[in-house]
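Report on one structure; see the data block that follows.
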Amino acid sequence: MSPTLATARIQNPREVYGRTLVELGRADPRVVVLEGDLGKSTMTCYFEETFPERFFEMGIGEANMTSFAAGLALTGKIPFTNSFAVFAAGRAYDQIRMGVCVPKLNVKIVGSSAGLSDFGDGSSHQTVDDVAIMRVLPHMTVLVPADAIEVRKMVYAAVAHPGPVYIRITRNDLPDVTREHEPFVIGRPGLIRDGSDVVIFAMGQMVSEAVRAADALAAEGSGARVVNVSTLKPVDEAALIALARGFRGIVTAEEHSLIGGLASVVTWAFRNEHIPVRCVGIEDRWGQSAHSYAELQQEYGLTAGHVAAQARAVLND
Amino acid sequence: MSPTLATARIQNPREVYGRTLVELGRADPRVVVLEGDLGKSTMTCYFEETFPERFFEMGIGEANMTSFAAGLALTGKIPFTNSFAVFAAGRAYDQIRMGVCVPKLNVKIVGSSAGLSDFGDGSSHQTVDDVAIMRVLPHMTVLVPADAIEVRKMVYAAVAHPGPVYIRITRNDLPDVTREHEPFVIGRPGLIRDGSDVVIFAMGQMVSEAVRAADALAAEGSGARVVNVSTLKPVDEAALIALARGFRGIVTAEEHSLIGGLASVVTWAFRNEHIPVRCVGIEDRWGQSAHSYAELQQEYGLTAGHVAAQARAVLND
Amino acid sequence: MRRTRDPAELARIARLIRAHIVRMVGIDQKGHLGGSCSAADIVTALYFYQLRFDAARPDWPGRGRFLLSKGHSALAQYACLAECGFFPKRELLKVKTLGALLQGHPEVDRTPGIEANTGSLGQGISMACGMAAGLRLDARDSRVYCIVGDGETCEGQVWEASHAASFYELDNLLVFLDHNGLMTNGKLTDRYNTGPYPEKWRAFGWHVLEIDGHDPGAIVGALDTAAGLKGRPTMVVAHTVKGKGVSFAEHRPEFHNGTLNRAQYQQALRELGADPDAPFDETPLCALPEFALPGGAAATTGGAA
Amino acid sequence: MRRTRDPAELARIARLIRAHIVRMVGIDQKGHLGGSCSAADIVTALYFYQLRFDAARPDWPGRGRFLLSKGHSALAQYACLAECGFFPKRELLKVKTLGALLQGHPEVDRTPGIEANTGSLGQGISMACGMAAGLRLDARDSRVYCIVGDGETCEGQVWEASHAASFYELDNLLVFLDHNGLMTNGKLTDRYNTGPYPEKWRAFGWHVLEIDGHDPGAIVGALDTAAGLKGRPTMVVAHTVKGKGVSFAEHRPEFHNGTLNRAQYQQALRELGADPDAPFDETPLCALPEFALPGGAAATTGGAA
């Protein structure tokens, strides 16, 4: 039940994303890919090489890319739009909203280099807000993979799911924390590691930090259950509540603003549950440049240490 | 303490907005106004008539309007951008985010015909999401007036406040529910009507519905305190908690998605308070056309009756 | 359905369409009269001359696609769809009411014959490009038709789409510019000039035609000409009059999304040759003998694509 | 600071600026080498010939404004700002580190001499228009200079801004198009063509000049010419080479936001006439006698606006 991160395989989620698109391109001729001039970062370059006729370079025009994808969906295709998350979601917000989400079109939006993972480029290339703005859209499904294993399953799930899907992908390498053989089901939270004192609901990159935090807490005699909340919409509130039943407190952990992301999902789901909750996330601040991702994790309070500290605090609440 | 809505003056918020812009234009030469081809709806037409040289018709280009306003702010102006809320906020989301909010520029964004108030035009012209997407932006101030009295004060407050402000304005006439002589202070919730059993936190148009609900509840012997939460960001969480202390339950009421608006603000603020809460708002659906606003209020569960029903329910929780 | 290229017949149908627009605007309610009337002749020519469709199977994959990028002119399209038999004509009278088939702006999942959700300006032309690309991927000969507003050209997305269409050589795409010179709040040349249009689209790599957008012969001619233009998309700059056909609304921005009082409503109908007091005729044109195809041939014949 | 219009001197300074760009890109880290180098001659001419500023008072209202709409080329601007004395040169070596004055993309509230936050492509040119309008409202003679990328012209907002600038007759606005033919992932003509540029901006109502963007004489000439062009904004289509000055990076998309290994780093510096082993010279050009103004005259003199 407890993955040891020390020995876990490390994979790059966007690399796996790019390879999975090719698999799906082979399996389903309806899959088409649109790119906003970042194909060597988003890794749609593999799809372009393999299926040039189903690949559309859309230049640096995220709005048009998105509505163009809507048009492709209206002819029965399953288009994936690609750019950095900040642009894929935010620059094309109205196009996603009006053209895709209102009519529930089959467009998949993939936000790459999400969160703070484009550490060098600073505030303009970092997303603290993408989950929030995608979550408020009726008909949207919002997925945040915890590792590359989940990326692959999610891309399959997105193709199988009729309707708009947003997938948030980090630039960072990530250790495998989910299990290859377990199916991914949209909406279902995943138990990663068990414990009986505090439950840590974590999203994306923070799932592995939560596992590390749980290791530290275990050494101190506190049991932390780590739950991977990789579907941010739709949320199975009953499942979350069931997973926290009998626990003394909840910690949430996300590499996203505390407004509108996982902390919102959980505090909303538990609004009438009366169980103490503490939240780890970005405190209503913009991103900034740094020499490494680790520096930003420290600066924004997004390490295993921060998660463990909140777990200790909530156990004392 | 209890306004009687039956005899309250009715005013049109956008009319008052337009007049106030002219007052401010007179008082402060830095005030400039940008319009996205809807000046006779947003009522910036008054400013245009009075100060043509400080009025900029920007055509139907909300992105450029917003960044152009950022440029004006960078030369010391206090620009107001204007369009329907759906476009002012959503079509220019990235421009507001990157160009205005990251550097905390002095740009005021006014979203007109907000919520479902453009009832005939349907989903493409109705905003269920604007408060959510504006709230996730660091440095942003988000204001939702309960009546025209508050509109005027907010426009003054926006000019006095250095930094980005979003103001959400309905197309509907509204009865005066706030008091002319009481100052508006950004962040401060306003006590509209008192009671001691349940507290209703309401936003915008729903404040008057909440007052009507409180009247109905009073007739049944239940006391409802109505609080106008007209600043959705920054939120004075301690003030909200103090206003609910000793109450048996909370109801929130907003003409906005339950995701990301007032319900999020309140459930977040009360996350460790353990007081029952029920929320009235739009349940993750898009808007649609109707013959009247009242029909949509009914359809989306946004009447005084719906508020009163949730109050009764929370008192039984 | 039978096709006609007779200018007089198309003009007669367009008058009927405009009368429906007036009915849908109604009395003392807001409605997009101006832009619906300026586009009415083009929309009419598309449905009654050009477009290949099967009203009984609105999602027939072989159909031509038509979408209004200027979605606020939906009334013109709704009227044509009703007369072509996509849904009962009485739906026109329920437009914009709660639960109606016909929403304030086009909605693809609600209304048979509507191809996309438009209403947020600038998006529809991008969708049209995506459709054209999708049809080509499937090696379909269907064409995509789209109308953009001149005010709409303020939206940068129109130019993004124009780059895409020309780069991908979407010669199965034909766009009309409804060049009525007005946006919501006045004259484009006064308030925010986005012309000259032919030069712009030529520089963006399109074929450009210029016509009188109220001359059915010219519209049909442009459709025929465009069918032969290869290698690039075609833009037809159509000179139009906002509010066309309703004398007091012509050239008047007040009627962009304006209100008719009872007298205006009645006058408008009369000017369009309709009797305001007559009961609403529920029989669609497609049910008339002169529009039914002889010998029960499939409704999908006729029409260029 | 003293101004120079001597092409040889400007070329010499531009080499120095490029060497700083290489230093900021560093070894085994990502950095926007290509677009910074393609814009280096233009940025150099702006700071050392054209722009009116006071490095000690970066917010002096009488200054000319320069902003990079293609914000990812900030390294070129940072280097010039440092050499002009806006901040200590050693800040260049801390670029993109936590808490640094110099962020990955320009930030107005962080960095003296930076005029706006750019990095999300397409927005800067709109901001430049707004600044030009604001300066005109205040009856200032300051001018606004801006650089857009050719890939950036995919963004519709560039064309929205182009409409605004021409409609408002912003003749105090001068924009350079850094036409290096490449975007992130390859050649524009192959991957997503947005040319031809002069035709487009002429159709959008701009004055258009065309120059070799690496010829300081031509850049200075365009600046002089543009100063006399009235009634409309001016676009200078500058033909450039991405990665210019670093032989192995020229015309190569890999170095758009690429990585230099140690050998490449050293070679690049050497090609630019810099000794990779020499200690970093912390003295800015503005402190050298030949760049200081004679007799301590205010730094704000010189420069066109």
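A, B, C and D are the chain letters, set down in written order, and residue numbers restart from 1 in every chain.
The definition used in the following text is that a residue touches a chain if its C-beta (ideal position, glycine included) is under 8 Å from a C-beta of that chain, and two chains touch if they have at least 3 such contacts.
Just so it is clear, the structure is predicted and the values come from calculations on it, not from any experiment.
Participant: Which other chains touch subunit A while also touching subunit D?
Facilitator: Touching subunit A and subunit D alike, sorted by label: B, C.
Participant: Taking each chain's centre as the mean of its C-alpha atoms, which one ends up farthest from the centre of subunit C?
Facilitator: D
Participant: Just how far, in Å, is the C-alpha centre of subunit D from the one of subunit C?
Facilitator: Using C-alpha averages as centres, the distance is 46 Å.
Participant: Would you mind pulling out the distance in Å between where the CA atoms of subunit B average out and where those of subunit C do?
Facilitator: Taking the average C-alpha coordinate of subunit B and of subunit C, the gap between them is 36 Å.
Participant: Starting from the mean Cα coordinates of subunit A and subunit B, work out the distance between those two points in Å.
Facilitator: Computed from C-alpha means, the inter-chain centre distance equals 31 Å.
Participant: Centroid of subunit B to centroid of subunit D, CA atoms only: how many Å?
Facilitator: Chain centroid spacing, subunit B to subunit D, equals 42 Å.
Participant: Give me the residue numbers in subunit C that touch at least two other chains, ranges are fine.
Facilitator: Expected reply: 107, 117-120, 122, 154-157, 160, 163, 167, 192, 194.
Participant: Multi-chain contacts in subunit B: which residues touch at least two other chains?
Facilitator: Correct list: 58-59, 61, 63-64, 86-87, 91, 94, 98, 102, 123-124.
Participant: Line, ring, star, complete or other: which one describes how these chains touch?
Facilitator: complete
Participant: Help me check something: in the complex, which residues belonging to subunit C touch subunit A?
Facilitator: Within the complex, subunit C contacts subunit A at residues 61, 107-109, 115-120, 122-124, 126-135, 137-138, 156-157, 160-161, 163-164, 167-168.
Participant: Can you check the complex and tell me which residues of subunit A touch subunit D?
Facilitator: Those residues of subunit A that touch subunit D are 35, 37-41, 45, 57-61, 63-64, 86-87, 91, 120-125, 288-291, 295-296, 299.
Participant: Which residues of subunit A touch subunit C in the complex?
Facilitator: 32, 53-54, 56, 58-59, 61, 63-64, 66-77, 79, 94-95, 98-99, 102-104
Participant: So in the complex, which bits of subunit D are touching subunit A?
Facilitator: 29-31, 71-72, 95-100, 103-105, 107, 117-122, 151-152, 154-156, 183-185, 191-192, 194
Participant: Would you tell me which residues of subunit B are touching subunit A in their complex?
Facilitator: Those residues of subunit B that touch subunit A are 86-87, 90-91, 93-94, 97-98, 101-102, 123-124, 128-129, 132-133, 135-139, 257, 259-260, 263-264, 267-268, 270-272, 274, 276-277, 284-286, 317.
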